[in-house]
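First the structure, which I've put down as structure tokens, then a few questions once you've had a look.
For clarity, chains are labelled A, B and C in written order, and residue numbers in each chain start from 1.
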Amino acid sequence: MYAQLVKSEGSKSREDMTPEEIAFQDRIDRNEKIEPKEWMPEGYRKTLIRQIGQHAHSEIVGQLPEGNWITRAPTLERKAILLAKVQDEAGHGLYLYCAAETLGVSRDELLEKLHSGNMKYSSIFNYPTLTWADMGAVGWLVDGAAIMNQVPLQRTSYGPYSRAMIRICKEESFHQRQGYDIMMKMCAGTPEQKAMAQDALNRFWYPALMMFGPSDKDSVHSAQSMAWKIKMNTNDELRQKFVDQTVPQAEYLGLTIPDPDLKWNEEKGGYDFSEPDWTEFFAVIAGNGPCNAERLGARVKAWEDGAWFRDGLMAHAAKADERARAARHAAE
Amino acid sequence: MPSLPDMTTPNLTALASQALADSGHVAVPAPDAGQPEFVEFLQRLGDNCLILGHRVSEWCGHAPALEEDIALANQALDLIGQCQLWLGLAGEVEGRGRDADALAYLRDAGAFRNLLLVELPNGDFGVTLMRQFLFDAFHIELLRALKASADSRVADIAAKAEKEVAYHLERSADLVIRLGDGSDESRRRMQAALTKLWSYTGEMFVDDAVDQAMSDAGIAPLPSSLKAAWDKTVAAVLDEATLAAPAEAWQHGVRNPGGKKGVHTEHLGYILAEMQFLQRAYPGARW
Amino acid sequence: MSSEWPLWEIFIRGQHGLNHRHVGSLHAPDAEMAIRNARDVYTRRNEGVSIWVVKANDITASSPSEKGPLFDPSNSKVYRHPTFFDIPDEVGHM
């Protein structure tokens, strides 16, 4: 999921709640949507800003690993599809920033926090995309994992976030399919192409599992977020669901999941699988992934190089306003 | 991984037909064979769209604002779509079994027919916008004229593309005006972009034997006939933008052969090295 | 030094003759650019036939208090999401 380590305010028992907090929790329990103007606990507001902000940052940083291959796409049709997909990610970032803005923070403030390293984005985007097969693997696995998290978030308690997720899920329905389609083509192609596909799966499997965040037993902030319905499932639930869904898809492709301990567990009705290396995960989150510097550097550069453009347009709008005012005066 | 084959491929036709044989395509009969000027003309149209679309797509993820990122991607998508139509038709008219992908991915730079203007690097965002505006103002006139083409396939593609390009022009003209008449810095950058790019505008209006043949056949207008309308659009926009075109400027590709004739800047080779990498490294593979 | 582009609320009428509907928000330096950005951002798939843009700050919202007198409405911010909002008439048809 795109928001992996969202710090939440501490969970409160009902006895410790104020009457407002009790009434608020009751509304959430009745599945009422919370809307921007309405009263909400400060912790709810802050946690949401962090979570939606991190999600938005992940969308725009997530443009980069795939954007990396737009100019090298192997056919005109693949180029158009990939470009449309990466464009969608920009759109999703935009919707999410707007949802966060209803909570009293501006997009520029959120971007400033991203650029200064005070807000994170998903660890997955700090891994490199080395071959065309990675476009397949990213669509199939990364979008697959993201969808797993985003579909339930359509029911989240905060109205603007829920509406953004509904729009995003609708638009994203083709993303995972286009990734899988690339994988199918490559697995049915030359031996070199098939090897490329296997290599992509090998490199993206564990980073994809990490997307759901640390194990529930180590996830201290989950309880409150789940009570507030801004987190709908536990990390482990979603990870299990993802593995169960993905293994048969890999088998269909004739690819091998890079986990010798992966096996079906009849009793639980799901696969047993190896945990990703959580030491690596925390290192990547802390800035030590293979591409952290490039990814953040690219975002900062785009922002700084674009300052004159944004300011120039504001300057023009101010001038045009001034002229319109003067013209009105002259007419009076 | 296999290394990249030599980019100066000796026999493109052999390569293309090998690729097609590998992919199981059947060569279609050649309804329009023997019309090399028509093929050449269609490649010019398609290559302009392909190369400019490539350049614009380079901004994806790097534009100055999210809204702009999204708008540019739309523009690149329009251009890639138009390129597929023009090059598809070029392959059909050529009648040698090459489709749009074969033309895009298996020709070397010397066989590309795009204007020099569209292959120039993106520069700062001002150069990108100015390049877009100068080309859009030409592109729209060309497409409007092509809607009356004697070849209905050309007229149909032009009618579809014209709607898209009308919007491109509306956008690029408006941004040129806003940034020209914006802050001191935005004005300085737009003027610098205009001065830099002006030398590449003359090539758009050069008539050659191919253009003459197209004009004689009623397929396309002479490029020179589009200049008055372009001048008018550009003058009006630059005036409102408080920008000034250089009075005298050497024009590349006018006295000397330019992109239309396959004589390009150094930049095109790098564009193609990147764009064609997979097709070159894995000949005949399907993606 | 840099000032942020203002936020705009976007309303789109689709093909089927229904009312303009709030579809989301975006940033733009002025109304004209907000319309163009809306075209690029919000009509990528389904062609809307008409776009309205309203500066988020210009929207007057009803109070949510009828929903729950228990809660003090927070009046500190002007808000943008549509469910409770009247569309100002002066926006006109575009």
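As a working rule, a residue touches a chain if its C-beta (ideal position, glycine included) is under 8 Å from a C-beta of that chain, and two chains touch if they have at least 3 such contacts.
If you're wondering where the values come from, they're calculated on a predicted model, not measured in any experiment.
> Which chain pair is joined by more contacting C-beta pairs, A-B or A-C?
Contact tally favours A-B.
> When you take the mean of every protein CA atom shown, which chain's own CA mean is nearest to it?
A
> From the C-alpha centre of subunit A to that of subunit B, how far is it in Å?
35
> Quick one: report the Å distance separating subunit A from subunit C, using the average Cα coordinate of each chain.
Measuring from centre to centre gives 25 Å for this pair.
> Quick check: what residues of subunit C touch more than one other chain, meaning two or more?
Residue numbers touching two or more other chains: 5, 26-27, 29, 33, 41, 44.
> Would you pick out the residues of subunit A that each touch at least 2 other chains?
87, 91, 94, 307, 310-311, 313, 316-317 - these are the residues of subunit A that touch more than one other chain.
> Where in subunit B do residues touch two or more of the other chains?
Expected reply: 65-67, 70, 74, 178.
> Which part of subunit A faces subunit C closely enough to touch in the complex?
Per the stated touch rule, the residues are 19-20, 23-24, 27, 35-39, 87-88, 91, 94-95, 98, 101-102, 104, 106-108, 159-160, 163-164, 167, 171, 307, 310-311, 313-314, 316-317, 320-321.
> Contact residues on subunit C for subunit A in the complex?
Interface residues on the subunit C side: 1-5, 7, 24-27, 29-30, 33, 41, 44-45, 61, 63-64, 67-68, 70-74, 76-77, 79-81, 83-84.
> Would you mind writing out the residues of subunit B in touch with subunit C in their complex?
Answer in residue numbers: 65-67, 70-71, 74, 167, 170-171, 174, 178.
> Within their complex, state which residues of subunit C touch subunit B.
5, 26-29, 32-33, 36-37, 39-41, 44
> Under the touch definition given earlier, write down the residues of subunit A that touch subunit B in their complex.
60, 63-64, 67, 70-80, 83-84, 86-87, 90-91, 93-94, 97, 132, 182, 185-186, 189-190, 192-193, 298, 301-303, 305-313, 315-317, 319
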